[in-house]
Structure formats: structure tokens, C-alpha cells
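Pasting the structures in now, so scroll down.
Same chain, two partners: subunit A is paired with subunit B first, then with subunit C.
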Partner chain A sequence: MFEAIAFYLFAFLTISMFYIAVTTTQALYALSALAAGMIFISAFFFILGADFLGAVQIVVYSGAVMALYAFGMMFFDTTREIKEKQGNKAIILGLSIISAILVVVIVGAPIIGNNITAAYPVTEGAGNVQEVGMVLFTKYLVPFEVAAVMLLVAMIAGIVLAGKKMDLSLTLMSEAEIMMMKEEDKKVHL
Partner chain B sequence: MEIGLNHYLVLTTILFAIGLVGVMRRKNLLMLFFATEILLNAVNISFAAISHYYGDLTGQMFAFFVIAIAASEVAVGLGLLIVWHKKHNNIDLDNMSTMRG
Partner chain C sequence: METAYLIETVIKIVVILLIFSALAGIGTYFERKVLAFMQRRLGPVNVGPFGLLQVAADGIKLFTKEDIVPTNVVARIFKIAPVITAATAFMAAAAIPFLPSFTLFGYEVHPIVADINIGILYILGIMGVGLYGPLLGGMASANKFSLLSAARGAAVFISYEVVTGLSILAPIMMVGSLSLIDFNEYQAGGFTSWILWSQPVAFLLFWIAAFAETGRTPFHLIANDHEIIDGFGTEYSGMRWGLFFIGEYANMFFISFVISIIFLGGYGDGSFLGAIGLLLKVAFFFFFFLWTRAAWPDVRPDQLMWLCWKVLMPIAVINIVITGIVMM
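Up next, the complex of A and B:
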């Protein structure tokens, strides 16, 4: 009973938050709605007994990814209204519905084929975090290490791409110096 | 009233459709990234739900790796976005047509 109430409550909240994130014209509203939606999604993981995944969802998505977006948005002009693509609405709606039905078919295929057995069954008497640790560090050790290397590569790429001219401090420079720097930038780009 | 696997699959389908609508109607690249996050999260819920209802941990493992990939995607994507914004002073998709044939 409580599971049903929690499911419907969080389903409603998640759908409304993501709807706001997709339709609003203010970048800041979209960011806030998306962060709220991420937190509500972690509730589903807790309902489903995937405690570790729920915690990771809150830490990684609501913590790291949203903070990264917030920092990234400092570089852009967020007060400006976002212009939307002027496309054919019927085509967009039709494509979305077709894709959604396709996803249902793909995801629902294992239910139709009912001869599925668990490859890594849940161990009795162990908590979720313990189970995840046991499977992750035995069967999925190589993908885990590859993911670690990929995160390192992404970190270095982020530093290299966004960290240009980080040795200059715009707040400590005088106005004339900043103007001179901008002029030089324009010459380089032209 | 029992919540079954189909409830979760319908919910993830709705969320996935919302994300797809976002990908198709947004012109701002940052908003496009937000829609991509919605898509990834919808798939994560369905992974966790199938993992729960079949008593198999593989789904949770896949969701875990999807989160790792999403985090690295954001790091690289935002870096590229900042470089593009420094150069052209906007992040609209329509202006990124230099490779058009």
C-alpha cells in the first residue's frame, strides 16, 4: 500500500519536474527542475531496494553533475530567453510517440519471453551494498577499471578544454588590460 | 494495489518520451544536455526495476556504468561547450553548421 502511494507520488513529481525542465524558456528553472527530478528518481531506487544506486544517484547526479552544470552556466548568458526550434509540431509528436512505443517493445521483450533466469542472483542475508560490491569486484571488475580510466580521461579532457587562460585572473586585472586581451583575442580569431 | 514491473516500464517510457521531446525541440545546446540526462535517467529506472523484479543484480550494474558514462559525458561536453561559447559567443545548434555539405 505504502509502496503504491510512494510510487504514484514520486512518478507524478518526477514527470512534472522533467516536463518543466524540457518546456521552460528559463535556463535556471530548467536546471533547478532537473536537479529536483534527479532527487525524486533516487526515491525509485530506494523503493526498488537498490540502496547503493540511490545513494550514487544523489551523490553523482544531484551533487556532481548539477554542480558542474551550475558552474558551466556561469560562462553563458542565462538571463537571455532561449529561442525554440520552429519545427512541425505534429512530426515531433509523432516521432516521440513512435520512439516511445519502440522503447516499450524493446524493454518489454524480456517479459514476453518468460524463460529468463538470474545470471547473478541476489544473495540471501546480504545487504544491497554488500551484494553490489561482491558482483562489481568479481564479475564486473574489468568494466569497472575501464570506467575508472574513462573518468580519468574525461577529467583531463575537461581540464584541457575549459582550463585555457586559467593562469590569468580577470578580477585582479585592470579594465585596460582586459580590453587589450580581448582585442588580441579578436585578432587571433580573425 | 500491487506495483508491478509494468508500472515502472510505463513510467520510464513516459520519462523517455519527455526527454525525446526535449531533444527534438531544444535549440540551446545546454538544454539539449539536460534532455540527454533525462533520457539516461529514464533508462536507469527501468534497469533498476528489472533488476528488482527478476532478482538479478546485472541491471543495477548496468545502471551504475550508465551513471559513470553520464558523468564523463558532462565533463567533456561542458568543456567543448565552453570553448565553443568563447569562440562564437552563442551555443545555438543552428549556428553549428560548418560541416554542412
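Up next, the complex of A and C:
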């Protein structure tokens, strides 16, 4: 009974949070609702007994949305409302509802059609982390390694893009030194 | 069975909430007394014996002060931000074993709300979410200094989390579990089996990151005292500001518990002496938070990021590699 109560409570909370994230004109509301929704999703993992994935959901998405906040801080005054250019609202609403139903049908149909059994049944006595590790390092080793390489590429690209003059600190330089640096930059660009 | 478990859990939650909100208040008294002692002042002396009732006076002041919500703020976010800080601090406490299990009126009590098998990951994740409080408070305040404080908060968040995660990984590899109770049992052999002796580097890194996690000096740069204002808390008044404080102090206590359990043997074999030992260790780590505040200056945000990314993170990675080689 508690599982059902928790499921419906968090289902309601998650959907209402994402609804706010989509419909509000206030950037801060949208970001906070997105973060809250992401964290509420972890409740489903906890209900299903996948504690590890639940905690990972919290750790990963709280950090990811934090980066969005940083962008929000840079690009807008987050305390003001934002006027969005919106087309026909009925079309947007209709299309999104239809696509949501389609996704549910596509994912749900095979489950209802035939009794799906777990390809990797739960090993007795093994914890959550061990199970994820076993599947990750046997069946899904190649996607795992590819993802690792992609992240490495992204990291190196990020460092190369952002890392110019990383050894310099503007706070430690005197005004004259900063001016000199700017002059040299102009010469290079010319 | 189900009902008994439910009642037991609710009682535990209420007890932990009451004890640690009270401790957060008393923590402010300790902080003022310790700082006063180190700075050759008296600290609170007037209210009650040794100024002990100062805590109650502060509480009455916070509760009865007018709750001001300034004109241009984003009201809902502004109101919810302090609640996030306080609530996440207590949510993290759900996976911490505060004492060894004991028998009360013939009923065995485990002083942990939920012994989930990924305890430490859950605690660190929820404590990370706690930094949303200062961030949202600063961004919603419509105040430039608060916004700067929120930006520093985001910088602290992205810097320390990597160090915490990587430094804790080496002990986790040794224990082979993420549950704090398993950590405790791994070190049940006593003083010599503490993880501190086999993982001194991880211990130091985690301890340093704990200062950033709780936002204490030398990483008190979120609410930068040098601006004479209170950073993200500038626009807050009354109990909303008080909630930020409760969250900060509760976090200090909880992270002290976590450090003691992971690296310093926790409650040991579960005897009465072990329980007292755990409380003494927690008291030491709490005192150390106050000690550093009196002894060290704050660092700048760029220095914190330099420290976390260029010094501590490489050390943590090397520590993991060495641990892995030794374990193989």
C-alpha cells in the first residue's frame, strides 16, 4: 500500500514539476522545477529497489542542473519574466500530448503483449552496485568504453577551448600588465 | 510487523530532528564561546549561567522577528530556498548510523533511519543538493551581492564534489560496500584497523572537501564575510535566515559523523565505550571546524578552484590508482 501511495505521490509531483518547467515564463521557476523534477524521479528508483541508480540520479542531475543555473545567471536577469515567442498554442499542446501517448504505447506495447522476463535476473546475495557493475563490465562493456572515450574527448575539448592563458590570473596582475596583455592580443588578431 | 516498523521509523525521525535542531542551536553557542576563547574575548556571558541561555534568547528573536519578503524578489523561490538547506541536511541524516544498536525495554533499536546499501553515495548526493539553498536564495534575492554569492556557491559546488567523490572511492574499494554500517564493521577490530592508517591521503582530502561541503572557513566564500554582508542571506530575516543556520550546523554535525564512521572506526565493536568514542570523535571534528574558523583566513574562489581541480583532484586519482594496484 505504501508503495502505491509513494508512487502516485511522486508521479503527481514529477509531472507537475515538469509542467511548471515547460509552461512558466520565469527562468528561475523553470530551472528550479526542472531540478526538483529530476530529483523526484529518483524516488521511482528507490521504490523499485534500485537504490544505486536513485542516488546516481540525484548526484548527476543536481550537478547538471547546477550548470544550467550558471548559464541562467550569465544570460538573463533571472528575477524578471521572459517573453517567449510562441506560435499556435493548440498545435503545440496537441502535438506534445500525441507524442507522449505514442512513446508510452511504443514502450508499453511489448510489455503488455508478451510476458517479458529479465534478461539478467537478480543474483542472490549481490548488492545493487555489484549487479550494475556485473552487467556494465560484461554485456555492455563496449558501449561503456565508447561512452568513456566520448567523455574524454569532451573533456579535452573543453580544456583546450577554455584553457587559453590559464596560467595567468587577472586578480594578481597590475593594471599596466593587463593593458599590455590586451595590446598584444590586438596585434595577434590584426 | 509493518505497523511496528512504521511507528519505529517515525519515532526515529522525530528524535533525530529534535536532537539535531537543538544541537544546531547549541552549536552556535559553542562556536561563539570557542571563537571568543581563541580571540581573547568572553563571548556570551550575560544571559543565564555562562551565557548558556543566549541560545534561547536567539531562538526567541529569530522566531518573533518580522518575516520580510522584499519587493523585487522571486517570492516563491526566495521562500523555499532556506527550507532546501535545512531539509536536505536532515534528509542526508537518514543513512547515518548514529550509535550502535542497543536494547530498550526488550526491543532492539537500530539508531539509523534507513540502512540502504548505498548509504554514503546517498548522503553525499543529498548534501550536494543542499547547496541549492544558497544558490537559489542568492539568485532570487534581486540583490547584486547575493547574486555574486550564488555564483561563488556554484563555483564551490562544482569544485568540491569531484574531490569528495574521488577521495571516498579508495576506502569504498577496500571495504567493498557503500553502507556506513559495513564501513563500521570493517574497522571493528579496534584502533589499528581504522581506515585512517591505510588511507591517510583519502582521509585528508575528504576532510578538506568537508569544509567546502559545509561552507566553513577557509571555504566560507559563499557568504563572504569581507563584504560586511551575509552573501546569499543578505535579504533574509527572522526564521528564514535561521533555517540557513540550522542547515549549516546540522550539516557540520552530520559530516563529522560521516568522517568518524568512514575513517576513524565509528562506534567500533558496538559496546558502550565504542558509542562514547564515536561521540568524542564527532565532538573533535566539530571543534576542529570552529578552530579553523579562528585560525585561518578565507581563500578566494579562484584559489579554491585551483586547489580542488589542480591539486586535490590529481592526488585523489593517484591515490585510487595506487590503492587499486595494491589491492590487485
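As a working rule, the second predicted complex is superposed on the first by the 137 of 190 C-alpha atoms of A that agree within 3 Å, B and C clash if a C-alpha of one lies under 4 Å from a C-alpha of the other, contacts with A are read in each partner's own complex, and residues count from 1 in each chain.
Operating definition for what follows: a contact is a pair of C-beta atoms (placed from the backbone, for glycine too) under 8 Å apart; a residue touches a chain by one contact, two chains touch by 3 or more.
Just so we're clear, the structure is a prediction, and the values are computed from it rather than from any experiment.
*Asks:* Name the contact category of A:V149: first (subunit B only), second (subunit C only), both, or neither.
*Replies:* So A:V149 meets neither subunit B nor subunit C here.
*Asks:* Just to be sure I read the superposition right, which of the two partners does A:V129 touch: subunit B = first, subunit C = second, or both, or neither?
*Replies:* Once the two structures are laid over each other on A, A:V129 reaches subunit C alone.
*Asks:* Tell me which touches more residues of subunit A here: subunit C or subunit B.
*Replies:* Greater contact footprint in residues on subunit A: B.
*Asks:* Taking the superposition on A as described, I'd like to know which of subunit B and subunit C A:Q26 touches: first, second, both or neither.
*Replies:* It touches subunit C, and subunit B stays clear.
*Asks:* Return first, second, both or neither, reflecting whether A:F7 touches subunit B, subunit C, both chains, or no partner chain.
*Replies:* Only subunit B is touched by A:F7; subunit C is not.
*Asks:* Figure out whether A:Y69 sits in contact with subunit B (first) or subunit C (second), or with both, or with neither.
*Replies:* both
*Asks:* After superposition on the shared chain, which partner residues are touched by A:A176: those of subunit B (first), subunit C (second), both, or neither?
*Replies:* Neither partner.
*Asks:* Output check: A:V104 vs subunit B and subunit C. Expected answer is one of first, second, both, neither. What do you get?
*Replies:* A:V104 sits against subunit B, while subunit C stays out of touch.
*Asks:* Can A:F52 be said to touch subunit B (first), subunit C (second), both, or neither?
*Replies:* Both partners.
*Asks:* In the superposed arrangement, which partner chain does A:I39 touch: subunit B (first), subunit C (second), both, or neither?
*Replies:* Only subunit C; A:I39 stays clear of subunit B.
*Asks:* Intersection of subunit A residues contacting subunit B with those contacting subunit C?
*Replies:* Touching subunit B and subunit C on subunit A: residues 52, 56, 69, 72-73.
*Asks:* State the interface residues of subunit B toward subunit A in the complex, per the touch definition above.
*Replies:* So the residues of subunit B touching subunit A come out as 1-3, 5-22, 24-28, 30-31, 33-35, 37-38, 41, 44-46, 48-52, 54-58, 60-61, 63-65, 67-76, 78-83, 85-87, 91-94.
*Asks:* For subunit A, which residues are in contact with subunit C within the complex?
*Replies:* Touch list, subunit A to subunit C: 26, 28-29, 32, 35, 39, 51-52, 54-56, 58-59, 62-63, 66-67, 69-70, 72-73, 78-79, 127-129, 169, 171.
*Asks:* Where on subunit A is subunit B touching in the complex?
*Replies:* Residues 1, 3-4, 7, 11, 14-15, 18-19, 21-22, 27, 30-31, 34, 37-38, 41, 44-45, 48-50, 52-53, 56-57, 60-61, 64-65, 68-69, 72-73, 75-76, 82-85, 87, 92-93, 95-97, 99-100, 103-104, 107-108, 110-111, 116, 118-122, 131-132, 135-136, 139-140, 143, 147, 150-151, 153-155, 157-162, 164, 189 of subunit A touch subunit B in their complex.
*Asks:* Using the touch rule from the top, collect the residues of subunit C that touch subunit A in their complex.
*Replies:* 72-74, 76-77, 80, 116-118, 121-122, 124-126, 128-129, 131-132, 135-136, 139-140, 142, 147, 150-151, 154, 157-158, 161, 165, 177-178, 300, 302
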